[in-house]
Each structure stands twice: as structure tokens, then as C-alpha cells.
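Structure provided below as C-alpha cells; questions to follow.
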Amino acid sequence: MMRLELVKRPQRSMLFSALSPFIAFALTIIAGAVMFALLGVNPLTAFNIYFIEPISQVWQLHELAIKAAPLILIAVGLSVCYKANIWNIGAEGQFILGGIAGSMVPVLFPQFEGPLVLPLMLLLGMVGGAAYAAIPALLKTRFGTNEILTSLMLVYVAQLFLDWLVRGPWRDPQGHGFPQTIQFNDSAVLPELMPDAGRANWGFVFALVAAVLVWILMSRMLKGFEVRVLGSSPRAGRFAGFGLNRMVFFAFLLSGALAGLAGISEVSGAIGQLQPVISPGYGFTAIIVAFLGRLNPLGIVAAGLVLALTYLGGEAVQSALGISDKVARVFQGMLLFFVLGCDTLIHYRIRLVGLALTKPEGAAKLEAAPKLKEAR
Amino acid sequence: MDITVNILLTIATAATPLLIAAIGELVVERSGVLNLGVEGMMIMGAVGGFGATYLTGSPWIGLLAAIAMGAVFSLLFAVMTLSLATNQVATGLSLTLLGLGLSGMMGTSFVGQPGERLPNLYIPGLTEMPVVGRLLFGQDPIFYISIALTAAVMWFLFKTRTGLTLRSIGDSHTSAHALGIQVIRYRYLAVIFGGACAGLAGGHLSLVYTPQWVENMSAGRGWIALALVVFASWRPWRVLAGAYIFGAVWIGQLHAQAFGIPVPSQFLSSLPYLATIVVLVLISRNKRLTMMNTPASLGQPFVPDR
Amino acid sequence: MKKLLIALMTTTAAMSLAVTAEAADKLKACWVYTGPIGDFGYSYQHDQGRLDVEKALGDKVETAYLENVSEGPDADRAFERLAREGCKLIFGTSFGFMDPEVKVAKKFPKVMFEHATGYKTADNLGIYNARFYEGRYVLGQIAAKESKAGVAGYIVSFPIPEVVMGINSFMLGAQSINPNFKAKIVWVNSWFDPGKEADAAKALFDQGADIIVQHTDSTAALQVAEERGLKGFGQSSDMIKFAPKAQLTSLTDDWGPYYISRVQAALDGTWKPGNVWLGIKDGAVKLAPYTNMPDDVKAMAEATEKKIADGWNPFTGPIAKQDGTPWLKDGEVADDGTLLGMNFYVKGVDDKLPK
């Protein structure tokens, strides 16, 4: 019987560290080609429309930046959590609460205008997101409650709360009873970067700045070391005098604040008012972005752009070839699977017992015909 | 009396898919694996069950197809996390993403087609009995499966040797491995069992609950099932109780509205989620209880040393 | 009916000189849907309209669509993409697309835009909507005739004017037959959640309703009625296949004639932004064949349908608001503006409007 074994490498393989994203991407392309062929579309045409066309026009590059900004911003925060082995999967809720908190200024005080409005909104957005993230952090540290589930449950609560606000107390009285707040006044709208070329706004700049800052934090400062130590071994962390509870709060508050910032940037930049739904699942997609970027803030910038591209590409093939929008989701799922699978090669050698094969293709072959592995 | 029976029957229907998916995930988590892809496996089960029924005309074949679909789909997760030692949280989330997308693609031609409902049990004489008749002898087949499954899992985990082994793997895969237990093989089987259960739960949605196929018809039930497992602190009979409490809150808020109780509907809709958080807190406050039941190696990848 | 509509459109367009479109050989018409076209409900019906356009105009048109577009920045991009890809006429089918469409329309003055269910217009942006409330009056009358308990269960999505209008119209219809008729209302906060709609239907039946009405899109509630041997009404599409014994009729939308007329106008170069609210008489609101009811009820329903098609408005006074204060005087007809912003119940509705 043929079976698969992982053999731990003495140290992480620099070669596969560099190669694995490309292998994963190649595998995704192959699987994608099969999928398009099954759908009766010439894969080359499809790929051209999917991956090339969306980045060959300036306005589309702007759209790419708009789509990528919240993903990067949220994922950068989440990467700190995940490095610390803390599982915040409720960024979607923190995003929404950030949007709501920041919107208090233009919705409740529409006459208030001037240069102070935006900074105040952004600040409130961060506070809102962080405060909402503090709930699972508090429950975890006080009662040991599993943060995956509490943060997830709070997403649904946040969605319903926003729904209630825009249909009830915050509804635009002049809006014919439709569920939305008043349009923000001009000084509450996040300006576009280059209005003549496209719609991209300052949100993208925030995302890049956040990525760089968190990268510095994680790789150049003691706090980053603390995060990594506590993440890989809480015991060792405790010996080193690092507080696990403090870390839980730090990670949740940081990621909550960034998600909140993403939320208010999205509301004030791209939408211009509060609506019942302000996020097409950015908080969840960002989890994928965080892993695609291997929890490295700079990698996350690239991953965010790639994922944004899969959205734009999905729309492009839909309008050009009439292919269902589900394709984009399947594509994202496959990409992530391959990336996760190939990253195994960084830490392990894979070998198929019975066949003297240690080549990376083994991973792909195994996907097709999985066999039980015996421990010894 | 009739209304009480009806309400109980409604609650049972609402609770059954949650119960089945949660029982499956419970076994997975007891083996030390956290599969967040329940929602994805469930929706695949739903489309598989509906598709097979639609093509063959038999909801019983649909039932089997739903189970098979969930099991096969979970294999993907098993290969990734067990053989390739990938991160379980990320892999589970991708599984959900993939399931929602794939099921939508597969189900395109089933949209707008009426389904075939699995027939309710009918035993002449017994089913007609007042009050208890319909509750005990007049429900859909999957309801009975769900109860039997709960009992079986309870017996398996706590009364059999294999169950003990499974739990010991969940508590410490390294010690289990040192004792010569085939950790990965056990976990494969547990994950596939969980997938089959999630698939069956999905089949319940498209064959009993609302016999039709529509995209995203699982509507977050997979996530609730995940919450239930923790809510139940990894105890099968508590999963059963939790699923029915959840179903009761869910149905109760609809009844409250129909009675005309003036509470914002968004608030009522968020009650089940808040209730889960409260229960999670109450349960995890009791440290001894949590420690006793929580699989200690939950979510950690395991690669045997050679 | 279809011809009449086309004639109407073209004449109004011809009378005004503000013709924005140029006659073209082949026209690309595009649609943006908020849901999946596989919902067998609202988005599905719009897509059927698109297919009707393809069928009717053949190789004179080319169509494209984007489904599952969420309201917000994604909508901006969807419209911009279609405008840039050469769509000459773009239909946005959801209320939430209003502001994105206004924005993009300003950017592409040469492209013609149409928006369903909104209220903002521009030189190249017209609006259209359907008077679903007309059909709901008929449903109310049928319910009052067919219900033994005198209680209907009403499953609703969100408290927006369109839905409130529907509840009011239904109740006016029902109480014109049975002044004591009641409706129990459950808000499910979703347009489409089969499981929740089924549960709501069961809850309503359990509390004594024996007829189900819905302002949500799935077939689940009707399937429950079928199982229990009770009756109900379908929504958006004809759901008779799902409930052959339970469906009395279904309130369906048929966008085909309208879309064909608009695309034709664009082809002729006579397109002009309109503000139309189509009803039974235009064929946009249709009641599926009356089934599972006695002939006299059927005759009554047909008579009412005809009366509405001939121009009678269900919101004709005297009508009082829920608290008893007068709203419309005897013979007074509600104006469209009030209806489109409706946020109060009429007398007899036994529910508190969620605020």
C-alpha cells in the first residue's frame, strides 16, 4: 500500500519558502483550466479575462485598490492574532461596529463640518472596532470562553444591530422610509486619491501604512517577539514573563481597531452612508487573505491584491462569458487549499512510501487519491 | 393540546439538522481535530441529496447521496490537515468557502424544481394515538436517525474501547502515539464520520425541512452546530439538549411575533446568538467541568516522529 | 397589452425632444441583480425578463448580467464595468443600487440607465417599479373568502414602504369581504431564507391561521401549507409545482414586456428616462391561475382583478389609519408619493410596525 509521510526538515526550507506560492498558483491554474474546460469555455480566454484584463486598465486598478484595502487592513490585524495563536474570526462584526461608531458623527451631528470631522470619525471607528473585539477578549481572559465561537456569534449580533439602526433610529427621515441613513456631508467623506483616474480613496493608503507598521512591530520590536513566543509556546512565554491575558487583549484590540478602521473607511469612502449591509463578507475573506499572505504583513498586501483580483476577475468572466459568480468562490477556495498544502513543504519533506518519490508533485497526486497514513 | 404537539414537532424539525451536524463535529473534536467546514459540508450534502433525489426520484437514494457527499467532501479536509498538517482553522474556512461555491455551481439546474419529501413514519394504531402518537411514531426518518445517532455516539465514546482510544487521542496525540495508537488513522475516520453527519444534516434540509434546492440554503446552520458542540462541552446528551433549546428559542421567537409581542424583530433574531455566548460563558466558568471534557489537543496539527 | 405599452412609451418619448440614444445596429443591454438568479424569486424573475428580451429581439440585442452584486461599493463597480464594456442600456433591479447608479450615470452620460424601485432620476436614468399592492388586494379578498378561521398568517421580510403597502392593501381587500378578518404577522428579516420561512409558516398555522401569505421569496411556506392541507399564496413566480393542492394563486412579476419595450425604444433611438409604476393593467403584475377554490370565489377574484386593471385603486377612501384617525376621505385616492413612502398601517391591522 502506498502512503504518504511527512518528514520534518531540520530547518525551514528557504527554497520551498520561495517556491511554494508559485507551485500553489500553478496548481490553481491547472485546476482552474480543468474547471473552465468542464464549463465549456476555452481556458485561455477565461484566464485572460479573469486575470489579465482586470489589471490592464487604470480604472480597474483603482477598483482593485478599493477592494483590496479593507481585506489588507483587516488581515494585517488578524495576522497578529493568529501568530499569537489567538483565534479572532469575528472581524466582520468589528468591521461593522467600526462603521457604526465612526458614522455617529455625520449621522447624529450632520451640521458639524470642517477638517476635524474625518479624523474624529476614523478614531471613533477604531475605538468601536476595538471595543467590540474586547468582548471576546474579556470573556476569554475572565472565563476561558472559546474566542472562536464568541467572536463569530458577535458577528451576527452586529449585523442585526446595524440592520436595526438603519431601519429604525438612524433612518433618513427624507428617505421615503428606505433603510439607510442620510448621505454624509462632504467633510465626512474620505477623499479619493486621484479623482480623475478612478475611485480609489485613502483607505488603500491606510492599509499600506498599517501593513508596514505591523511588519515593523512584528519583526523589529520586542512586542513582536512576545507575540511569536506566546503563539508557539504559551509555557515558554510564561517563563519569559510574558502575560498571556495581556496578549489576548493586545491582539484582539489591535485587530479590532484595524477592522474598525477598515469599516469606517469603507462607509465614509466608498459608500457615503450607512446601509443595512456594508460588507460583502470582508471580515471572513480577510482570514483567507491573512493565511494566503502567510501571516506576514507584507505578504498580506500581495495576498489582498491577488484575492481582490479574483473578485474582479469573477465579475469580468461573468459579464463577458456568462459564467456564474460561484466560480470566483470556488477559485478562492482552491487557491487557499493549494497554498496551505504547498506550505507544508516548507517545514516537511513529503515522501510516498512504496515509491521513492519526494518531489512536490506528490502533494498534488495525493489530493487525487488520498490514502490513510499509518503512524508508527 | 394540538398546538403544543405541533410546536414540539416544529421544534424537532428545526433541531434535527443542528443535532446531527453537531454530533458529527463532536466526534471530530473529541479526536482533537477542529473542522470549521461544517457549513460547507452541510450545503454539499443538501445539494447532493436533492440532486440524487431529483435524478432518481427516490428520496431514500437522496439520503444516502447526502451522506456520501458530506463524507467525500470532508476527505479533502482530512488529507489537508492530517496528511499535510495544514492549519485546521484556515483549512476548515476554505472548505466552507469551496462548499458554498461548488454547491451553487452543481445546483444550477435544480433551481425551481420541486423536491420529494422523505415520508413521515406511519404505524397504524400507534401514530393515531392522542398526543404522543405523532411525537413518537409520526416524524420523519431523519429525526429517528438523529436520536439513535446521539445514543450510539454516547455509547461509543464512553462505553467502548475504541471510543476511549479516540478520546485519548484528543487529549494527547503524542502520548497516544507513544502507546502505539494510529493517531492519523483514527482522525481520518473521525473526520469522515463528521463529514457524513454534516452531509446527512444537509440532506435533512433539502429532503425534509424544505424539500427543494436553493443556494446557501444552510443559512448559517453549520456555524450554529459548531457553537452547539462547545455549548455542550463535548457531551453528546448535552448536544441533544442544546439543539432542542436552540430550536425552541428559534421557534419561540417566531411564535412571540405571531402573538404580537412588540419587540424589534432584529433583537429577537439575535437572541439565539446571544444565548449561545451566555451559555458558553456559563460553561467555561466551571473550570473543572471544562477541563474534564475539552479535548486538550484540539486544533493542533500532529505529525508523528519517525 | 404589450403593444399598448410599447406604443405608450414610444409616443411619450417621441413627444419630448430630449432623445439621448442613437439608433444602433446591435444594442448591448445589461442587468445587475442583487441576488443569485437561482433564487427562483425576485432576481430569477428579472432574469426571465432578460431572456424574454433575447427571445423577442433576437440578434438585434446582446445581453449580459451580473448576479449576487451586494449593495455598496461593489455595485458602483458593477455598473461602471458594464458601462465600460459597451452596455448601452443598463437595468439595476434592487433598491440599494440607486445611489451607485446615480453616480455612474453621471459619469457615463451616453449610456442609458434604469433603476427599479427607487426614486432618484437623471437625464439618462429612468425608474420603474411594479404595483404589487394591486395584486395583494385580490389576495386579501380570496383569503377572506377561503379562510374558515378568519385569520391569515402573513410572513414579511423588512418594514419598508413596499411591504407595508402590501400588508395594508391585503387587509383592505380582506376586510371588504369580512370586516373582522385578522392577520398575524411575522417578520423574518430576510427576503430569502427557506428554513426560517417554513418555521414561520408553521408557527402561524399553529396559532390558528389557516391561510398563508408571504412577502418573501422562497417556496417553503407554501410547501408547509401543502403538507398541512391548508392554503396559501405564492410570490414572485408561479409556485404551483411546489404546492399543487395549496396554492390559491401567486402574485408574480413579469418584467418581460417592460424590458422588451425599453430595449426596443433604445434600438429605435427613442429611449427617454421614464418614471413608471406598472400594475396589473400593464401586465407587469400578474396573478397566476386561480386554483383550489370554488368558482364563485374565482369569479370574484377575476372581477376585482378586472376592476383594478380598469383603473380602480385599492387605496380609495374612506380609509382610516390604524389608530382610527381618518386618512382618505370617501372617494379620495391615495397619491403615489404617499404610497411610495408608506410607513403606517391602516385600520384593522393587528400588529405594531417595527420602528
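For clarity, chains are labelled A, B and C in written order, and residue numbers in each chain start from 1.
One rule holds for everything that comes next: a residue touches a chain if its C-beta (ideal position, glycine included) is under 8 Å from a C-beta of that chain, and two chains touch if they have at least 3 such contacts.
Nothing here was measured: the structure is a model prediction, and the numbers come from that model.
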Taking each chain's C-alpha mean as its centre, the one farthest from subunit B: C
Maximum inter-chain contact count - chain pair: A-B
Whole-Å gap between the CA centroids of subunit A and subunit C: 37
Centroid distance [mean C-alpha coordinates] between subunit B and subunit A, Å: 27
Multi-partner residues of subunit A (at least 2 other chains): 160, 163, 167-168, 324
Junction residues of subunit C - those touching two or more other chains: 36, 189, 354-355
Per-residue overlap in subunit B, given as positions that touch at least 2 other chains: 104, 108, 264, 266, 269
Residue ranges of subunit B touching subunit A (in the complex, touch as defined): 36, 75-76, 78-80, 82-87, 89-91, 93-95, 97-102, 104-105, 108, 177, 181-185, 188, 220, 223, 226-227, 230, 264, 266-267, 269-270, 273-274, 276-277, 280-281, 284-285, 287, 290, 303-306
Complex interface listing, subunit A residues touching subunit C: 57, 59, 63, 66-67, 160, 163, 167-169, 176-179, 183, 199, 266, 270-273, 275, 277-280, 312, 315-316, 318-320, 322, 324-325
Subunit C partner contacts - residues on subunit B that touch it in the complex: 3, 6-7, 10, 13-14, 104, 107-108, 111-114, 117, 205, 209-212, 214-217, 219, 221, 250-251, 254-255, 257-260, 262, 264-266, 269
Partner subunit B, residues of subunit C touching it in the complex: 36, 38-40, 44, 153, 184-189, 192-200, 202-207, 209, 218-220, 223, 227, 237, 241-242, 350-352, 354-355
Subunit C - residues contacting subunit A, complex: 30, 36, 64-68, 70-74, 76-78, 80-82, 84-85, 95-96, 99, 119, 158-161, 164, 189, 340-343, 354-355
